[in-house]
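The structure that follows is given in the form of structure tokens.
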Amino acid sequence: MAASALETEKLCKSFGALTVADDIGFRLAPGARHALIGPNGAGKTTFVNMLTGAIPPSSGRILLGGEDITRVNQAARVRRGLGRTFQITTLFRKLPVLDNVALAIAERDGVARRMWKAASRYSEIIGEAEQLLATLGLSADARTPVQDLPYGRQRLVEIAIALGLKPTVLLLDEPAAGVPSQDSHHLLDVLAALPTEIAILIIEHDMDLVFRFASRITVLVQGQVLVEGTPQEIAADRRVRDVYLGEATHA
Amino acid sequence: MSGYTSNPRIRPQESLPWIIAIAAFFLLPEYLSLGARILVYILFALSLDLILGYAGIITLGHSAFFGLGAYTAGILGAKYGVTDPFLQLIAAAAAAALLGISTGAVILRTKALTLLMLTLAITSIVLEIANKASWLTGGADGLSGVQVAPVLGLFKFDLFGRTAFIYCLVALFFGWLLVRRLIYSPFGAMLTGIRENTARMHAVGAPVYWRLVLVYTLSATMAGVAGALLTQVNQFVGLNVLGLEPSGDLLVMLILGGVGRLYGAFVGPVVYLVAQDYLAKQYPEYWYFGIGVLLIVVVLFARGGILGLFDKWLQALSRQRSSARASAR
Amino acid sequence: MILYVISVGLSVTMGLMGFINLAHGVFAMAGGFILSTAMTRLGLPFPLAVLAAFVVVSAGSIVLERLLYSRLYAAGDLAQVLFSIGLILISMAVARLIYGNLAAPVFLPDYLRGQVHILGRDFPTYRVFLIVFSSLLIAALWFGVERTRWGAMVRAAVDNRGMAQSVGINTRQLFMATFALGSGLAGLGGALGADILPVQWSYPFEHLVYFLIVVAVGGLGSLRGPFVAALLIGVADTACKYWIPEFGAFLIYVATMAILLWRPMGLFGVRA
């Protein structure tokens, strides 16, 4: 087993004269519950996009399970076990919830290429999808089109798809964004119940969620890692308070 | 319609097109050559629906494959004495597949306008080649005297189009079978995924580009067979199977019938070609006008085409019935 | 160069509104017909007739935009393509009904005919006029876009419509005005070019491919792009006809493909 589930070495990104990521060294341990926080414009989204392969870094390396994936494209990274959810729900809105998840499972299993037998006859895929939906409390909505669901439940479908891929590393991009407070309890429970083998990196602004969920926190400010440590260390760190938590309590 | 929660069983209504076709064979013997033409265009429309309705690729260049298939069959039959109809079909399919995979691999990395432009460019290039290489293609005059041997050695292509009609019907049947299987398979669900949200498909690990190339090649092959059928039925091939016009016509037919719903490809060509046969002869200037207006009306108000309207009507009916039932209690 | 005048409007509106408008040639055709009608039926002098073409087409395009185009801004690529095809078909039918099968007759005023002697060689006066005019046009457009407030708003909206809206730019009016300008320019181009590209009912369809090539190769949303692309096409066309007449249009298509594959956004494309 590799020492880290996901790792970056000296990761940099510049758009012309603008540097949005500066020498980021980051380690995600296997089975981690790690959070990435930082004020707006800190470069969190850029960092995540580099991790998933949506944008190429200007320099530096990215390693997944010890393997260099810096030049590997997005879909290939997913196949190697790097899953993500999107900050803005990116689902197949007109399709039923079950189909959304089944598509992901079919890709993982290599079934998606099959052209002869009807999709609805692949009982293993459908069964697995239904089980997954059950663990997230979405069974009742299995045949409902995603666009008919309340937003909070759509965010859960995002997570369901990512889980369907059986990733080794899961990047959750602001899973609580836009979720009304009565639904965020359920979301918290779901996150707490996620399989322990998966290394999870969560990007969030909701400090409540971050402190309850994460065992390690990295603070990103202006493209650089300011500090990294346990929630207690971060909460006590004066610099972090000045830069970030001070804003949050006034928000 | 496709996907993991859909029911792939053949519904009784789905036998309707075949019943109508066979009825037409017996009841409308004077119209069989028009009928064969309609069947060819249905096959052509099915091939376009596969990439347009399911994978979401907008193309104005599908005539390139249709025309290539048509000319392959024509050249073999008129110039090289290859008259067996199945051999001609296979050759046409192979040629179209080759063009499909080579152009698809190159252009499917692009999107939207650039892609549209490239498809136009390709079909224009094929048209130019056909135009200039008149020693092979007959140029602007086309190739007449395409020899087609009797099907299975028994059924000669007669003047009334009887053999042609049944021949095309059988070909269409196989095409339909293949497309239907594909749509309900996991591959079909995956295509729908690409159309609905390409970003999400990348994010579940789908090699989107290669899947698109594959379906594009399949679609091209089918279009090529359709083109070859047309040549065999007419025993002639001319430049009008290439270029912007047949692509545009096909697009109109498909939209009219309803995109992305399998049977739109059946309804559209029937309505369009029958109307064209009658109206375009009577009022040629008004034909384009009418089609243009119809197109705009469909785009603005009836995006799902004829079948879409039909669906809405059925929904409205069932709502009426259930509210009538509710108030009767 | 005519291609440039006609297509620059298309580049801006497509880049700005993201609307795939294949019917742009319709406005050019209208311009040509208006010029012809104005001169032959109304007896207007050439400059006035050209102006009339610009104004009438602009006005007409505003009507179309308000009534039809604006409904389809969010409708997706396919709907827009189909809509513009429908528009082409309708206008071709109408043109045929009104003007019949022949090209609209155009009579250039005497002072624009004949030859002009420049640098020891003879050039057709009209072509020289067109080149001068197009250069002035691009200069005026460049000035308008780079230096005026309107131009700044257009550039902002092309770059990022959402942002522009939240900054208070009325994108609806901006679209309308820019669309009118773009279509008017098409009408102008059609009118000026009527001598070289004969205006008849099949015009929008015949030349569609060329307009699209100029815009796609030049790059959506740019002003210089179509200029360079039109120039390239003109040169390539003449060169081909001179050296390898067998392959004419063929080479242009191949070149287009090559350029688009190398630079999918066009040579000077703005959109990401």
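Each chain carries a letter (A, B and C) given by its place in the written order, and its residues are counted from 1.
Please note the rule applied: a contact is a pair of C-beta atoms (placed from the backbone, for glycine too) under 8 Å apart; a residue touches a chain by one contact, two chains touch by 3 or more.
Because the structure is predicted, anything quoted here is derived from the model rather than measured.
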Please identify each chain that touches chain A as well as chain B. none
Report the most central chain, judged by the distance from each chain's C-alpha mean to the global C-alpha mean. B
Mean-CA-position distance for chain B and chain A (Å): 42
Distance in whole angstrom between the CA centres of chain B and chain C is 33
From the mean C-alpha coordinate of chain A to that of chain C, what's the distance rounded to whole Å? 47
Going by the contact rule at the top, pick out the chain B residues touching chain A in the complex. 2-8, 181-182, 184-190, 192-193, 196-197, 199-208, 211
Under the stated contact criterion, what part of chain C meets chain B in this complex? 14, 20, 68, 71-72, 75, 77-79, 81-83, 85-94, 96-97, 205, 208-209, 212-213, 216, 220, 246-250, 253-254, 256-257, 260-261, 264-266
Under the touch definition given earlier, write down the residues of chain A that touch chain B in their complex. 52, 74-76, 78-79, 84, 86, 90-96, 98-99, 102-104, 106-108, 111-122, 125-126, 129, 142-143, 161, 164-165
Chain B contacts chain C in the complex at 52, 58, 60, 106-107, 109-114, 116-118, 120-122, 124-125, 128-129, 132, 244, 248, 251-252, 255, 259, 285-289, 291-296, 298-300, 303
